[in-house]
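The same chain A turns up in both complexes below, where it pairs with chain B and then with chain C.
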Partner chain A sequence: MNTFMRWAGFVVVLFIAAPLVIVVPMSFSNASSLQFPPPGYWFGYYRAYFTNTDWLIPTWNSILIATATTILTMALVVPATFALVRHKFRGKGFADLMMLMPMAVPHIVMAVGYYSYFGDLGLVHSHLGVILAHTCLSVPIAFLVLSANLKGFDRNLERAALSLGASPAKTFLHVTLPILRPGLVISSLFAFIQSFDETVVAIFISGRDAETLPRKMFDSIRQEADPVIAVISTLLFFVVLIGIAAPYFASALRSRAPKPSRPAGAH
Partner chain B sequence: MGISLSKLTEKTNIWPWLLLAPLGLYMLIFFAVPLADVAIMSFTEPKVSLANYQKVLTGALYQRVFLNTFVTAAFVTLCCLLVGYPLAYLMAHSKPRTAMLILLLVTMSFWTSFLVRTYSWMVLLGNNGPLIAFLQMVGVDRPPQLLFTRFSSTLAMVHILAPYMIMNIYTVMKKIDPALIRSAESLGARGWSLFRHVYLPLTAPGIANGSVLVFVICLGFYVTPVLLGSPREQMVAGLIGHQIEEFLAFGLGSAMAMILLVVTLIILTIYHRRFGLDKLWG
Partner chain C sequence: MTNYLQLSNITKTYGHFTALDDVSLSVDKGEFVTFLGPSGSGKTTTLMIIAGFEKASGGKVEIGGRSISGLAPHERNIGIVFQNYALFPHKTAVENVYFPLQMRGVSRSQGLRQAEDMLFLVGLKGFGHRHPKELSGGQQQRVALARALVFEPSLLLLDEPLGALDKNLREQMQIEIKRIQRSLGVTTIFVTHDQSEAMSMSDRIVVFEKGRIEQVAPPLDIYHRPQTSFVAAFIGESNLIPAIITSGAGKTAENPTLGAFQYAGEDALADGQKVTLLIRPEHIKLSRSPIEGRKNVRMIVETIVNYGDNALVIGRAGDIPMRVRVLGADVVIIKEGEECWISWAPDAVFVITK
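After this line comes the complex of A and B, so read on.
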């Protein structure tokens, strides 16, 4: 069993890895269409990406929308998480469940809802509409990460500050927030990525004026499969690689076992 | 526990509500209302009737698409399990260095956008891609069309969803007490019987977690089936999008969306009763 599992495991490693790395040589290709291995190599598609506003504007839109979504999500989720983790009240179980609901509803269902509802409100094809929708979709993951952090918080530290004469506000600012910072950073990051990667709702409501990068990529893959997508994929690949490897190295330096963290399932 | 701070918070019971209010209000306006809008449209567009549901539940096209969606989701879940189990095993029982490298790879895959991975499969399976070239090299004269078929969309979905399965099973395998396996061995369990009667049951919770997650995501999958699948073998999400974008058939699209939603929520409710929904996403 052991040997079989190991061999099968190695085959799966190839299956997982191949599609991740293939975009790197593709991005340097000089072929005008999808061709692998590429007939030759150059930086043409990098230049095409970094000089073409058709790609740069959606990239900028995505960064803008994801940033605004993160700020709005955190502004709403942080107080709510404190309420749900630190207080007992009637209906808490229900409220806990409601926080996770946007994760349980398929994105295509929400896309139909937003398309119609935001259409009525005049919010389709606008940055604001996408931000408002993405915030809903980012709430569950931000809440899950933050509440896990807050549950592990040693409240004696706050009690110590209070007993030493700090006001509740001072305690919050100088004790609670600094200790929670890693949790806040990670949950913000998850909210950002959730928005930056979200495709389905963006396809339906972002329109031409607030076109996000995933929407532009989706349209491009559907129409002509522009090799510029390989460039974007490669850039995203390295962003993710650095993002994941950095904590690994940091924790290796501190010689501590790394803990994998996982985001929500996007649909 | 019962020191001044917790007493204070218990006395002033309005606090949790004040803290929850902004998010609650927000979710009401921007989550519950649009969702309710879908429900309402399914009964009222274009006129008040049950016609949309009747059409979706009895029409041959819709029945075929729903059936195809369930079969595909079940098949993808099974494939993810077959692919994910050995890899999780390899991770859980390798030297720390190897395990870490594989974990890095799985995490990479997990964090890479669905679109990027879908695009990669287009390159790999395309007519000018490596797989077709390989088939030609080994002597297949007329290689089959791989892209835009059930094969390509299923393969890509398995690749995209496998990390969910792997992570769930890996977490469980990691926690298995090696003493259990040793004692089973000392009692005479070997090979297949050790796996079947000891190891597999111990990993069942991870399998259940991963399978529910993969199945539910796959049911509502839009991007990959639309981009890589055959247009004649759509899945529900693709058909909903098609109805809305092409025909502006909000009623019909909403009715399908509601059925998809209800099925998803039934599965998650059963799951929630047994394990708790917050466990699902780890």
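After this line comes the complex of A and C, so read on.
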């Protein structure tokens, strides 16, 4: 039974992970469209990606939009999280629900909504429109991560800082903020990835001018199945992999650093 | 010098619930005062009001004749050690201790030197570069103490600081805290629900119950002369026997089951007054036959709890449960289920009128 379960687990993992890895050899393929296994290997599509403005402009748009979305999201989420986690007020339950609503509503529904609503406001086909729509989608994710962090925050630390003579502002700056930093970093990262990843809303409202990378990839796969898509997928895959692995390596290096020996006598 | 810390008629209500009811107390400069009481008795609320984290519904707090009720916590210059220490996890031990100096504008080089000196005083020389998670519970405790003392606070508040430590370490820290407090002469309020801590450390104990102060007195007075039956029951082991004064002049009281009692001390009690008689278990003697010159009562032994050097004999005299503390050797003469005599001298009986 145990062996069977282990094999079953292995097969499931393989099935799930295979599509993630399959794009890597495909990105080096010399076939004229997406094909697996590749008939031969070259770097041609990498060169194509890094020299073609048709790909570089959407990449730049995506980075710009995701960065702006992250900043706007955090500017909204940090104060909102403090208010919702630490204070009781009338309508708190409703406010909690509204914060999480964008996550429950299907993206396609939101996309149609933005398409007609932003159309009237003249925000369709603009960077600002995509940023606003993406912020709305990023807020619940950033809020979930940060509120979990803030709930676990020991408020005695702030009380201690106050009793030691730190004003509320200095307490926030010297104690609250540094201790919450990992939570802030992770929630910003999630907000960024959410925007960078988002396709449905982008297809509806980004248009030609604010075309994002996922939208361009979607158009490309429909029209020509350009293997450059495999290149981009591979690059993104490794960027994310490095992003996730970096903290582990950093902490592994830190814990291997020699510790000063323990002085005797004191308890 | 007297009345350094003055609490006047402090009241705290949450909606219809009264957490503190007219609490008044004065503490001398350099005194070590313990707030003792069960959880929910108001001791921590009082501490939080002194620290400024809770706002009193009424009354005022003064230090050195100056009201601090209007000051924010960071303006009060009060050092606090929390039960979970609340050390800043992102700072090393010495940076933690330097923090209050940093907030007071002391330069980094001088502040760190002062912080190192303070760590030396609490017995943590050479541990300054460590982060809190690299220190044991007892060491974290010492860092928290150093941090709360380094800026020469006008008052030191300790909120159940020993609760998280194991028994041996707790006893060691009791002695340490007392030593450090004496050497700096800082006025200290210590909150605990542990009576042995209160007994061994305090100049005076304040017993809290249901948001009120039951009694304020030095430890031995609290033990030997409790003013209310709550204090008698809460501090140490006790036998509490309801009785009626039969002769105030003759110092005798009567319990329907145990008969007439002689008691000592307290006079000017009116005949017919209802009182509670306190007899500590260690003042009762256990024997095979009655002993002359003492009040003798028959007791059926129900349980014997052996502690090695002593034992607690729990039994019943008529319908009244009795506890007798005996030295190890005396237990040999008695077994569970047997009947024996217990006796006490008149001066072992203390009368509680409340």
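Worth a mention:
Criterion: the second predicted complex is superposed on the first by the 244 of 267 C-alpha atoms of A that agree within 3 Å, B and C clash if a C-alpha of one lies under 4 Å from a C-alpha of the other, contacts with A are read in each partner's own complex, and residues count from 1 in each chain.
Simple rule for what comes next: a contact is a pair of C-beta atoms (placed from the backbone, for glycine too) under 8 Å apart; a residue touches a chain by one contact, two chains touch by 3 or more.
Computed from a predicted model, the values in this text were never measured in an experiment.
Within the superposed three-chain model, A:R208 lies out of touch with both chain B and chain C [touch as defined at top]. Contact with chain C, but none with chain B, is seen for A:K170 once the two complexes are overlaid on the shared chain. Residue by residue along chain A, chain B and chain C are tallied for touches, and B comes out ahead.
Once chain A of one complex is fitted onto chain A of the other, the partner contacts of A:I179 are limited to chain C, with no touch recorded for chain B. In the superposition on chain A, contact is made by A:A161 with chain C only, not with chain B.
When the shared chain is aligned, chain B comes close enough to touch A:I244, but chain C does not.
Within the superposed three-chain model, A:A8 lies in touch with chain B and out of touch with chain C [touch as defined at top]. When the two complexes are superposed on chain A, the residues of chain A that touch both chain B and chain C are 159, 162, 260, 263, 266-267. Residue ranges on chain A touching chain B, taken from their complex, read 1-2, 4-6, 8-13, 15-20, 22-23, 26, 31, 33-37, 75-77, 79-80, 82-84, 86-89, 92, 95-98, 100-118, 132-133, 135-136, 139-141, 144, 155, 158-159, 162, 193, 197, 199-200, 203-204, 214, 217-218, 221-222, 225, 229-230, 232-233, 236-237, 240-241, 243-245, 248, 258, 260, 262-267.
Across the interface of their complex, chain C is touched by residues 154, 156-157, 159-168, 170-171, 174-175, 178-179, 260, 263, 266-267 of chain A.
By the touch criterion stated above, chain C contacts chain A in their complex at residues 51-53, 72-74, 76-80, 82, 84, 86-90, 99-100, 103-104, 123-127, 129, 136, 138-139, 142, 147-148, 151, 169, 172. Contact residues of chain B toward chain A in the complex are 3-6, 9-10, 13, 15-20, 22-24, 26-27, 30-31, 33-35, 37-38, 41, 83-87, 89-91, 93, 100, 102-124, 126, 128-130, 133, 159, 162-164, 167, 191-192, 194-195, 199, 213, 216-217, 219-223, 226-227, 236-237, 240-241, 244-245, 250, 253-254, 257-258, 260-261, 264-265, 268, 272, 277-278, 281-282.
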